[in-house]
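Just below is one structure, and these are the notes that go with it.
As written, the chains take the letters A, B, C, D, E and F, and residue 1 is the first residue of each chain.
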Amino acid sequence: MTEITRADGRAVDQLRPVTIERGWSAHAEGSALISFGGTKVLCTASFTNGVPRWLTGKGKGWVTAEYAMLPRATNSRNDRESIKGKVGGRTHEISRLIGRALRAVVDTKALGENTIVIDCDVLQADGGTRTAAITGAYVALADAIEWGRAKGFVGKNAKALHDSVAAVSVGIIDGEPMLDLAYVEDVRAETDMNVVVTGRGLFVEVQGTAEGAPFDKRELDALLELGVNGCDDLRVAQLAALAEDLA
Amino acid sequence: MTEITRADGRAVDQLRPVTIERGWSAHAEGSALISFGGTKVLCTASFTNGVPRWLTGKGKGWVTAEYAMLPRATNSRNDRESIKGKVGGRTHEISRLIGRALRAVVDTKALGENTIVIDCDVLQADGGTRTAAITGAYVALADAIEWGRAKGFVGKNAKALHDSVAAVSVGIIDGEPMLDLAYVEDVRAETDMNVVVTGRGLFVEVQGTAEGAPFDKRELDALLELGVNGCDDLRVAQLAALAEDLA
Amino acid sequence: MTEITRADGRAVDQLRPVTIERGWSAHAEGSALISFGGTKVLCTASFTNGVPRWLTGKGKGWVTAEYAMLPRATNSRNDRESIKGKVGGRTHEISRLIGRALRAVVDTKALGENTIVIDCDVLQADGGTRTAAITGAYVALADAIEWGRAKGFVGKNAKALHDSVAAVSVGIIDGEPMLDLAYVEDVRAETDMNVVVTGRGLFVEVQGTAEGAPFDKRELDALLELGVNGCDDLRVAQLAALAEDLA
Amino acid sequence: MTEITRADGRAVDQLRPVTIERGWSAHAEGSALISFGGTKVLCTASFTNGVPRWLTGKGKGWVTAEYAMLPRATNSRNDRESIKGKVGGRTHEISRLIGRALRAVVDTKALGENTIVIDCDVLQADGGTRTAAITGAYVALADAIEWGRAKGFVGKNAKALHDSVAAVSVGIIDGEPMLDLAYVEDVRAETDMNVVVTGRGLFVEVQGTAEGAPFDKRELDALLELGVNGCDDLRVAQLAALAEDLA
Amino acid sequence: MTEITRADGRAVDQLRPVTIERGWSAHAEGSALISFGGTKVLCTASFTNGVPRWLTGKGKGWVTAEYAMLPRATNSRNDRESIKGKVGGRTHEISRLIGRALRAVVDTKALGENTIVIDCDVLQADGGTRTAAITGAYVALADAIEWGRAKGFVGKNAKALHDSVAAVSVGIIDGEPMLDLAYVEDVRAETDMNVVVTGRGLFVEVQGTAEGAPFDKRELDALLELGVNGCDDLRVAQLAALAEDLA
Amino acid sequence: MTEITRADGRAVDQLRPVTIERGWSAHAEGSALISFGGTKVLCTASFTNGVPRWLTGKGKGWVTAEYAMLPRATNSRNDRESIKGKVGGRTHEISRLIGRALRAVVDTKALGENTIVIDCDVLQADGGTRTAAITGAYVALADAIEWGRAKGFVGKNAKALHDSVAAVSVGIIDGEPMLDLAYVEDVRAETDMNVVVTGRGLFVEVQGTAEGAPFDKRELDALLELGVNGCDDLRVAQLAALAEDLA
């Protein structure tokens, strides 16, 4: 696309190396340790038969998510939110985003009265933690649903997932739109956007923020295109992980 | 644009009646009671000379915002966050959004080492509270900066605001993109988007979420166009309010 | 009574201008935006059929109140209690006072198993916020009870209110007892008292505090007389507001 | 005064047996374990040289108080406020009352830049805990000031206390005004009042609340008279305690 | 055992004077005010028929404990945990230890579906507060069980306690193992150990910590022997207290 | 030692497979991902030049530790402590234990005015998480100190560590003392003990608890012997990890 090369030698439209260790956890019904370059997120999906009281008897399931960072996931240590006694705004915001992204591809009726709680814990951060979390969480979610099916909690042919979902960050740096920003890029970006896209290429969420100068429609369009293509690459990685045999 | 009429008889590209009572508060350095139809938000701007410790000595100012709702602003009463002992994720998210939106038009160097805290308290809610808050907050902010200039805290010719900013919600209902959703529309929307746009028509923030089915690029474009036009109408209302004499 | 005039030109036994905007809220079952001069309090009454668990099955209703101040209601900004994560002692104390004052005129048996939560939010403060809150809350409460009657939750002829209630502050400044202290007076008062009086002229609550020198019985008697008369004037304003037609 | 006798055989104007174990604590600069019948409150006064930052350099001292109850001080166990993670409204209200009562007799200039924190912990409760706390706290405070004088932190002849202070509850039961209510009386009282009175017989605080029917001026006067006399008896007990030699 | 004498003249294997005021509380079903020298702990046992929900229907009872210190129990004042809004690690740790120690001698089946909550509040601290708490709590627990038996909640012949339990601290100071450390000794100890021992001389808990140099097996053995003997002396004091008549 | 074999085929005095991935974190100054069988703990050591205010100017460093578990580290999901808003007693207790264990081998004077914060986050739990945490934390600590030395914050020849430290759990199951309990063993253990031992074989901490029947001196001795030998095996693993080259 362009000859600009980035700190790590990537092309502007290239993802960092993506790895997905599916089934990392011995306990969770679904799990994946995903990395986008130096960003490593452990995603677990906990399946419970039954739903919260406010949903009981409606024949629908519930999927929710929580995001957090280990204190030394980042370059300098952050105090634990458990010790501060409150969850920060950023944490809340990302947890809600992950939950919405996953629910967009779940058919809660087909899921039946079951609850899946997704935990995304950032073990190491290097930009794009929320998008790695969504991408890995989808794999954990898919496995948890199959676990529920094997146990008879989810109907044999129930299509609880009607699509897949992945996410990636895009941004404009020195006027150039780029895909999947690493931390050193993220802090320099004039505009920062996260896009969440289904396997079919439709938008679930678009969150663009001008960190420096406001942006125009042309820039927005360029970012969206990069994002949609990046999510398509991630879809391929998700499929490959889900195609492997689990021991 | 279309012959579809809405519950309140508006056209799809029409704002609800907008009123801005500038200088509502006897105490705050800037203030505005803004209404978007039944949504009423009291915005105050508190100016203090000096900045938080982490910013001291950098020759820059600071603008931040807090959003909250009165317990009976909505149709049924919500428990107070002060009594629950924690601020909810939604509140955090909106407070952060308002702060980012305003900072996008502030030149913190021109502001000098001064702090402005914006409080947006929703007295009555009928959809679009965060966008009304941003739109009203800009007026309060502008007045607080002028207050600071009159007191000599801000330089006589310092251009602390390099643009204006407004926000509006847009959404797709029964396949039709619509501007400035009232609560009854908001709950039915398949896609819900908030756009924050400067007076010059550039984007500061775009947040689109598929509540039901994911959306495609064409729908996204239609929503953005509606939003940009709506923000332009709001800009006119802001200018009119700022042109009035304050007693 | 005396020729001393006060900062705002009032006589010592004169209330500030009192206005009551009944039915301010589009959502609440009863509401009033009351002002005592520069003090403005939004009072809403939320009616719910049913009572808290600990009261179930006793054939009695429940009335409770919460008081709070917007952060910039006062001359300088106060941090939000939601963000501090705890409700301060003053807030607690006033909430409890308002609740007791209202319950003193409610016949909970006649109210039936219904709950009314009163919220008093100070939008702007200039002394006497708790007394304005009680006085306005009575109006909101009366309307909420009528709402419940219209809906069939309260008996057609049930006398759920056996009296009205109002409150006012009194204090001694430079040795002179005065009615309805504004903020500049309040901070100078040697003795500060709040009296809560029913429409029939009986005491519900008397809270007198020596801020400077302790006070004697003669001073106490003078304050009580001022307070009882002031509450009688407020009773007239309440009646007038309740006599108006609501659109 | 009357022939009515009470559950414990007292006359209506008679205090319960009052004992004051001055110097109970081996660590505190002043302390008293006070009992009003079955109500036992441990009052300690902690003296520190210096004042909170907001008071520094004004040549004045600071006196503040905290009140709490042990979980099983009462007939059935209450959860600890430390475990609930917040201090209740009643606790706050009483702590503030004790602090105001003590400050009313302190000359903070004479005290100099010193801080005294009073802790009143109810070990056993049988009505009147806040009034016992104030009465005992005065003794602890007086000793802490003398400790500070002996250490040279308070001026040799500085009159840091310009009066003494005591408190008692009064109430109307079956139409009869009574002094110093025990718990079984307190729950039956139609009107409940706490009076805080200086050694010279002046009021520091009067807090009367109609628990049942509102009360009139004649009843209020009767209660005040009982209260003033009761506080005079308590003054005698305080003086006797302070006259003893401390080992 | 040795000729070394300690600050208070005790032999190295000698307890401080132990007193147990059984039945101190007028309200609790069992209580004891215990002192180990200057350490004074009020222990109350609150008996309730029924168990927490998670234990319902299992035919077993529940015993739990909470430990706390008054703010001025120590030489300098500590902030209240209720005001800090959280319970500290040390408090948690000791509460859990007391609960485990007591449960070790309770037969929860024989106790039946009843709950006993032990509160240990340190009124004055001079070292060994947790061990005094356990020793006193046993006495309160025994009385609460007998209260439950008298009321018919515990079976007539049910052996709800199969042993007694006591605790003591031991430590090494200047190379010398010593029993029951007072505060001045505790701060100097190289190794500090708490032992919890049943009436039959078996260990319930052994917690040894090197505060300075690590310790070897020989030192550990010496400490354990001192501790077991000290607990045997405490057992005698417990038995004596329980043998007294309660008024 | 015995022919009893355990669920996983180990001898009673045999550790589970131990792996130490030193330098796991790209950001922390020292780190190790340690596993004891299915228990996996990520230990990071964050080095900062300078000490907390209360230690400033004393020429000494500070080492502290925090322990936590990911919500789905265990067989069923636990709520996050950040969301509950408070840190549980168990978490506090273990954090304090880890800190004490490490400080026992640190010479804070030789460390100089530097702070090292150890974070031990359990990614997967299968018994013995606190002992794995201590054992891995020592490796992270050693690397952080070397990092500080390389940066010139720690003296070239300063012996900041005067010994190594490791920890292991031991317990009695069906009367048989066993080393390094896996979760299925831990829940069945009558007595449960954690021993923390230095490289030289001295005790830093001994914490034994009777979960079922109390234990006698002979059993205690058997457990201590097993624990000391187990820690010696762990010392070998630590040395091996520290001998490797870090990329």
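Rule of thumb we're sticking to: contacts are C-beta pairs under 8 Å (C-beta built on N, C-alpha and C of every residue); 3 or more make two chains touch, one makes a residue touch a chain.
By chain, with names taken from UniProt: A, B, C, D, E, F = Ribonuclease PH.
If you're wondering where the values come from, they're calculated on a predicted model, not measured in any experiment.
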- Message: Hop distance check: chain B to chain E, minimum number of steps through touching chains?
- Response: 3
- Message: Over the chains that touch one another, what is the least number of steps taking chain A to chain D?
- Response: 3
- How far, in degrees, do you have to turn chain D to put its CA atoms on top of chain F, rounded to the nearest 5? 120
- Comparing contact pairs by residue number, the option in A-B, C-D or B-C matching D-E for over half of them is B-C
- Item | Homomeric contact chain B-chain C: same or different residue positions, threshold half | same
- Message: Using C-alpha centres only, name the chain that sits farthest from chain D.
- Response: A
- Task: With chain centres taken as the means of their Cα atoms, state the distance from chain E to chain F in Å.
- Result: 29
- Centre distance in Å when chain B and chain D are each reduced to the mean of their C-alpha atoms: 51
- Query: Which parts of chain A, given as residue numbers and ranges, touch two or more other chains?
  - Reply: 85-87
- Enumerate the ring members one after another: first chain D, then chain E, then the rest in ring order. D, E, F, A, B, C
- Message: Show me the residue ranges of chain A that touch chain F in the complex, using the header's touch definition.
- Response: 25-28, 31, 38, 42, 44, 46, 48, 66, 68, 70-77, 80-87, 91, 117, 119, 121, 123-124, 126
- Message: Considering only the defined contacts, which chain A positions touch chain B in the complex?
- Response: 86-90, 92-93, 95-96, 100, 104, 163, 193, 198, 200, 202-210, 213-217, 220, 224
